[in-house]
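You will see chain A twice below: alongside chain B first, and alongside chain C after that.
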Partner chain A sequence: MTTATETFFKSIQESNVPSYFSEGQAIRETAFQRLLEIGLPSNKSEEYRFTPISKTLEKKLVWETSTQASTLSSIEPFLIPGLDAHLIVLINGTFAKQFSNLGELENSVTVTTFAEADTQTKETIVKQLGSLNKSEDAFSLLNTAFYQEGIFIHVPKNTVVAKPFLILHINNAQQTQVVSHTRLLVIVENGSAVSVIEKSDSVGAHPCFHTFTEEIIVGEDATFDYCKVQNDSGLIHQVSNTTLSQSNTSKVNTFTLTLNGQLIRNNLSIVIDGEHCESHFHGLYLVTGNTLVDNHTVVDHQKPNSFSNELYKGIMDENSKGVFNGKIYVRPHAQKTNAFQSNRNILMSESATINTKPQLEIWADDVKCSHGCTTGQLDDEALFYLQARGIPYDSAKAMLLYAFALDVVALIKNDTLKSYVDGLITERLHRNF
Partner chain B sequence: MSKDNQLLEEFTSKEYEYGWNVNLEADEAPKGLSEDTVRFISAKKKEPTWLLEWRLKAYRQWEKMPEPTWPNVHYPKINYQDIIYYSAPKQKKSLSGLDEVDPELIKTFEKLGISITEQKRLTGVAVDAVIDSVSVATTFKSTLGELGIIFCSFSEAVKEHPDLIKKYLGSVVPMGDNYFAALNSAVFSDGSFCYIPKGVRCPMELSTYFRINAANTGQFERTLIIADEGSFVSYLEGCTAPMRDENQLHAAVVELYAMKDAEIKYSTVQNWYPGDKNGKGGIYNFVTKRGLCFGDHSKISWTQVETGSAITWKYPSCVLKGDYSMGEFYSVAVTNNYQQADTGTKMIHIGKNTKSRIVSKGISAGKSQNSYRGQVHIMKRASNARNFSQCDSLLMGDQCGAHTFPYIDVENQTARIEHEATTSKIGEDQIFYCLQRGIDEEAAVALIVNGYAKEVLNQLPMEFAVEAQKLLALTLEGSVG
Partner chain C sequence: MLEIKNLQAKIGEKQILNGIDLKVNAGEVHAIMGPNGSGKSTLASVLAGREDYEVINGTVQFNGKDLLELEPSDRAAEGIFLAFQYPVEIPGVSTINFMKTAVNKIRHYRGQSPLDAVAFLQLMKEKMKLVEIDQSLLSRSLNEGFSGGEKKRNEIFQMAMLEPKLAILDETDSGLDIDALKIVAHGVNSLRSKNNATIVVTHYQRLLDYTVPDFVHVLYKGKIVKSGTKELAKELEAKGYDWIKNEAALV
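Then we have the complex of A and B:
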């Protein structure tokens, strides 16, 4: 362990972490002990081979200083225009009540922060917290030990939540650096449907470090839509650990869009613990500058007769780096599984790189599984075709790149969100590539 | 038990055909590994001092290295002090012709079906046979000599062509490359050496047969092939071992060096003893194979049919250094019972306009685990590099596993990389289609698997294609998924 990491552990031990409930404290301590044992990952660790996150954090952040609460006058610039949603705002890892607006919720849907939860809800939270995320990822443990705030959403049986939840993470590093850890726990009971959008933003010239851990339990016949938009203009270093579990005949759609940030690492893990499930997970990363975006996904087929489809696409320009690792596990008894995975990349500059590792591990014989992976450039002939028809080179390029990215976006159901995402992509393609 | 299961049972209980053991008197080194063992081997082989120094340097590096744990295979820890590192069939004096070879030995090779004897000469394959640790016979030496081709055992090459050995030994696989390569560098006993001079197209297939005979021994051979400018050579390698209850270690190193415009084609049919049906015994096959396309427009092609070994740990790789150079890798890996295979390739693109192609077909049956692990690395300077990879897995039975770990690292924007992998079993509809047309179930499976592996089998030279198909047919027996 280097000295910087040591100070980090020391300072973090001394910092006062809120304790909401005594049972929760035990979970925190166990996680911290484990974290001390394994330490932060180095580039020797297989999972972080191409993402020098610990080094970057050591260099960029001063561990001794604690994070200050931030004041923002308005959150208007961070909202998704025209989107009618139940709004939850977290600024620098703490719940911002003045900005949040839950609006009207369907009957008996519970939404609360961990701190404000009533006794009965607290019991549920303690019971479920960490039940899915058994990850030995150092940042997941770090989050479990030190999360400042958690959001709990509970959708009871046979309830369709019409409006999506929009969870806004804002890291304000205008005055000083920010270190924040947040958590989300969603329980979607049998036969229900809900949609969650998580958007993270950061502002200011100081570095930010943000971890968040999401655990989502999807019951039988339930539907869960999830969208993550990462468009930080600040110097954010972010590690998210998302774990979903699916029961019989449930359906999950996830979409991850990464446009900006310093170092973004997304661990997405789906445990298919039921039969006849369907899961689609799409991702798009359009990055420039020195951004490093690292998507690690795991689909674990534990029961037979399910279907999963993964599609991740990336365009890397300037000095940006892309890392992709997609694991598909098919356990011994998960017969008749269909699992597909595709990762496609375009490199736009000489110094952009991509490291990709699609990985299949299969222990059942009656399955159909495939993965595909490509890295390439735009087709010269297609470019020429457009140019021959009077379309300038730059527009032609943007047009082709847009076409490349389009099918990933197709999964989004909410029209406002879809056109917002579409707008972000179009803007990025015309401005930067 | 259904018919399918019965057939499966029959197949999985199939015993190893090459499992006999011949009473050859052997000259052995004492068990264990130390600097003295290295010195003993070197002295036994009457090696020059520089080679002894080289071995000792490798040994000292090996001592400091940890045994790798990253492969997807599981085995009890190897006790390196419990292995005999040198074992040679006893020879009274050096041989001048085949007639003087121990008749027991000739019998061994007849059983193996290897062309040392007259009849096989007609097939036109030059053979270098390595039993346990020592090269025992090389055929067709003089015919090849006329063309300037050097094809001999490694120890002979050390004596007769020390300059070549000194220059190229360890140039592709450095002594400290990995744990097993370092071990091999320290204790390698013999192997084959081949040099093809400028502009010569080798008129016949060159071939090495490896056999581990003595008990408790490890086999550590080294192959070095150098193809000078504009030359071509096709090289075959085959391996078998007797049935023994303990595990035996085979840690070989193969180095290929292709100059400008040269082409090397290296084919392997690996059939080491895989252990019995309960997973007892068998060979640990931990091999480092690497080819260097040093000159422009050079080409190296690996073809392998892997059916044996308890554990296979092998990644024949190509370093594409010359511009316009090309690397190929074709592989069929079959695992059965408790076999474990972690095999694949590395294509390192350094030169401009380099191309590589990977076709890997895995077949797992019984309780075996079959992994493909590959890397395609496009370096910054390698503009217009092209790669196509395909790795398919076929599962037979519900207790086996298939895994793929492809690493694709691209640092140049002009690269075009495609990778695809599928995992499936033989479809019931495919079988049904054949049954309808009067083809019985077993023949149908044979047909389908042969078709599945055809892309790779087609790459094998005639002499080996027959053997490979036979081996595969063995696997096919009754393995209806």
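Then we have the complex of A and C:
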């Protein structure tokens, strides 16, 4: 283990796991032990080859989970204007009751922090916690060992939750550095539908390190819409581990938008454990400065007759770096699988980079799978065409970049969210490109 | 309106224009003909401001302005319009949105207030009729999946929308069947006035049957080697370009 001697990991080794949600203590301990065995990924680790996160953490931060209470006076700047949602706010990894507003929930929908759950719900949480996320990812284990807060959402059978959940992760590094770990568990029972938006923001001039792990269980004939918006300050280091499982005829749409941050790593894993499922997962990263954004995705087709479609696009400017790794597994039984993947990138400067790698492992013989990745610059011919019609260079460029990015947004159903995301993209393209 | 003097341009190390002189007045239609590789499209591109070409000598005055100093978008705003030989397909940008942006950017350049949605729509409907183009086509991504004829008609539609002072049609007739050709020519003709001018760049005579030029120039090896009236175009159609080449070789 090459990292063992490093200060950051040494501090992890020497720390005690939190006592929050004692019912889940055994799970914590197991994860912690496993983490101690494998250590943090070194630069030789294949999964983190282009993303030197351990080194960066070592250099920038002290390992000490934040416990301080929030000093924010308002969360207004982080909200999505006009969005009617069940609001859950976490500041520096702790549930901020004063800012959260669950509003009216449909009958028997449960939303609670792990610690405040009733006995029966706690049993459910313990049973499901970590049942999906078998990841050997060091940061997933780290999160399981050290999460400070967990949010549990349970949607019972045949219930359509009309309004989306908006979960705000705010890291406030105005006074000092922030290290925070949060967790989400969602169970969508058969025939139900729910939409979750997770938005992360950070403020302050000190560095942050935030891990969050989401486990989402989507029942038969259920629909789950998920949107992640990462619009942090340029000093956050963030690793998210999102695992979804799908049962028969369920539908999942995910959209991951990354606009800012120091180092952002998203591990998204979808286990299609049912027939006739449909999953669309889109991603868009528009980055500049020194931001590094790394999307690692896995789609695991375990049963026959399902469909998955993955589309990730990126525009990288200045010294930013993009990493995309898309794994598709089609297991021996998963005949008649349709699985598609596409990753397209535009590099706007000489020093921007992208490393993209599709990885398909197909054991079934009667499937349709395709993948493709492209990296290029803006089409000069198209740029000239727009200019020749009177559109100045900068506007022409923004127009082409916007058109490039646009189809990824198509999955978003909520109009308010859609126009918000659209606004973020427009603003970014006009401002920085 | 347009005065080109001794224009020389190269692409890479290859010089394509070897000293073009041409004067175009308002109200005139000029045809520029010539064999393949004579520099016709290069001339059109240089006038519109395509960056691939480097002007090494000469001047171009457009309504008293030094055209070569202007950005391509400013040239368009000054009233130059290039109908592309190969219109570009741009996924994700509809012709309508594209035109709305273009019209208003040009208006902004000219110090006019932007057109509101109603006025824009009205203008669009009027111009659509002129080139017999369907609105559903214009709602789609720009030129994406359009047939050759649809693309060219879209060029003329854009020209109608932008009402240029000088329209340069680069091989607009290539790849058109006779019906499409008539529609395109009709569009071009209806936009002619005593205040604007047109340069028709073409290899063949056929568009000139419908859009009758006042002057015909023959370009060969990057120079205008012969100028005349519409009769010259007919002569070229009948006799081909070889006699021009021979004549040029003698000079």
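Simple rule for what comes next: the second predicted complex is superposed on the first by the 406 of 433 C-alpha atoms of A that agree within 3 Å, B and C clash if a C-alpha of one lies under 4 Å from a C-alpha of the other, contacts with A are read in each partner's own complex, and residues count from 1 in each chain.
Heads up, the rule we're going with is that contacts are C-beta pairs under 8 Å (C-beta built on N, C-alpha and C of every residue); 3 or more make two chains touch, one makes a residue touch a chain.
Remember, it's a predicted structure, so these values are computed and weren't measured experimentally.
**Student:** Sharing chain A, do chain B and chain C clash or fit in the superposition?
**Tutor:** Here the two partners, once superposed via chain A, fit next to each other without clashing.
**Student:** Identify the partner contact of A:355: answer first if only chain B is touched, second if only chain C is, both if each is, neither if none is.
**Tutor:** Touch status of A:355: first partner only.
**Student:** Taking the superposition as given, does A:131 touch the first partner, chain B, the second, chain C, both, or neither?
**Tutor:** neither
**Student:** Between chain B and chain C, point out the one touching more chain A residues.
**Tutor:** With both complexes superposed on chain A, more residues of chain A are touched by B.
**Student:** Now for A:290: first (chain B), second (chain C), both, or neither, which partner does it touch?
**Tutor:** Once the two structures are laid over each other on A, A:290 reaches no partner at all.
**Student:** Touch test for A:25: chain B only (first), chain C only (second), both, or neither?
**Tutor:** A:25 sits against neither chain B nor chain C.
**Student:** Determine, under the contact definition given at the top, whether A:369 touches first (chain B), second (chain C), both, or neither.
**Tutor:** The answer is first: A:369 touches chain B but not chain C.
**Student:** Determine how wide the angle is at the CA centre of chain A between the CA centres of chain C and chain B, giving a multiple of 10 degrees.
**Tutor:** Placing chain A at the corner, the angle measures out to 70 degrees.
**Student:** Is A:395 touching anything from chain B or chain C once the two structures are fitted on A? First, second, both or neither.
**Tutor:** Once the two structures are laid over each other on A, A:395 reaches chain C alone.
**Student:** State whether A:386 touches chain B only (first), chain C only (second), both chains, or neither.
**Tutor:** second
**Student:** After the superposition, pull out the minimum Cα separation from chain B to chain C in whole angstrom, please.
**Tutor:** 15
**Student:** Flag every residue of chain A that touches chain C in the complex, lowest number first.
**Tutor:** So the residues of chain A touching chain C come out as 379-382, 384-393, 395-396, 399-400, 402-404, 406-407.
**Student:** If we count contacts the way the header does, which residues on chain B are in touch with chain A in the complex?
**Tutor:** 70, 380, 393, 395-425, 481
**Student:** Which residues of chain A touch chain B in their complex?
**Tutor:** 46, 50, 330, 332, 335, 345, 347-350, 352-377
**Student:** Given the complex with chain A, which residues does chain C contribute to the contact?
**Tutor:** 48-51, 71-77, 81-82, 84, 87-88, 90-93, 98-99, 101-103, 105-106, 109, 158, 162
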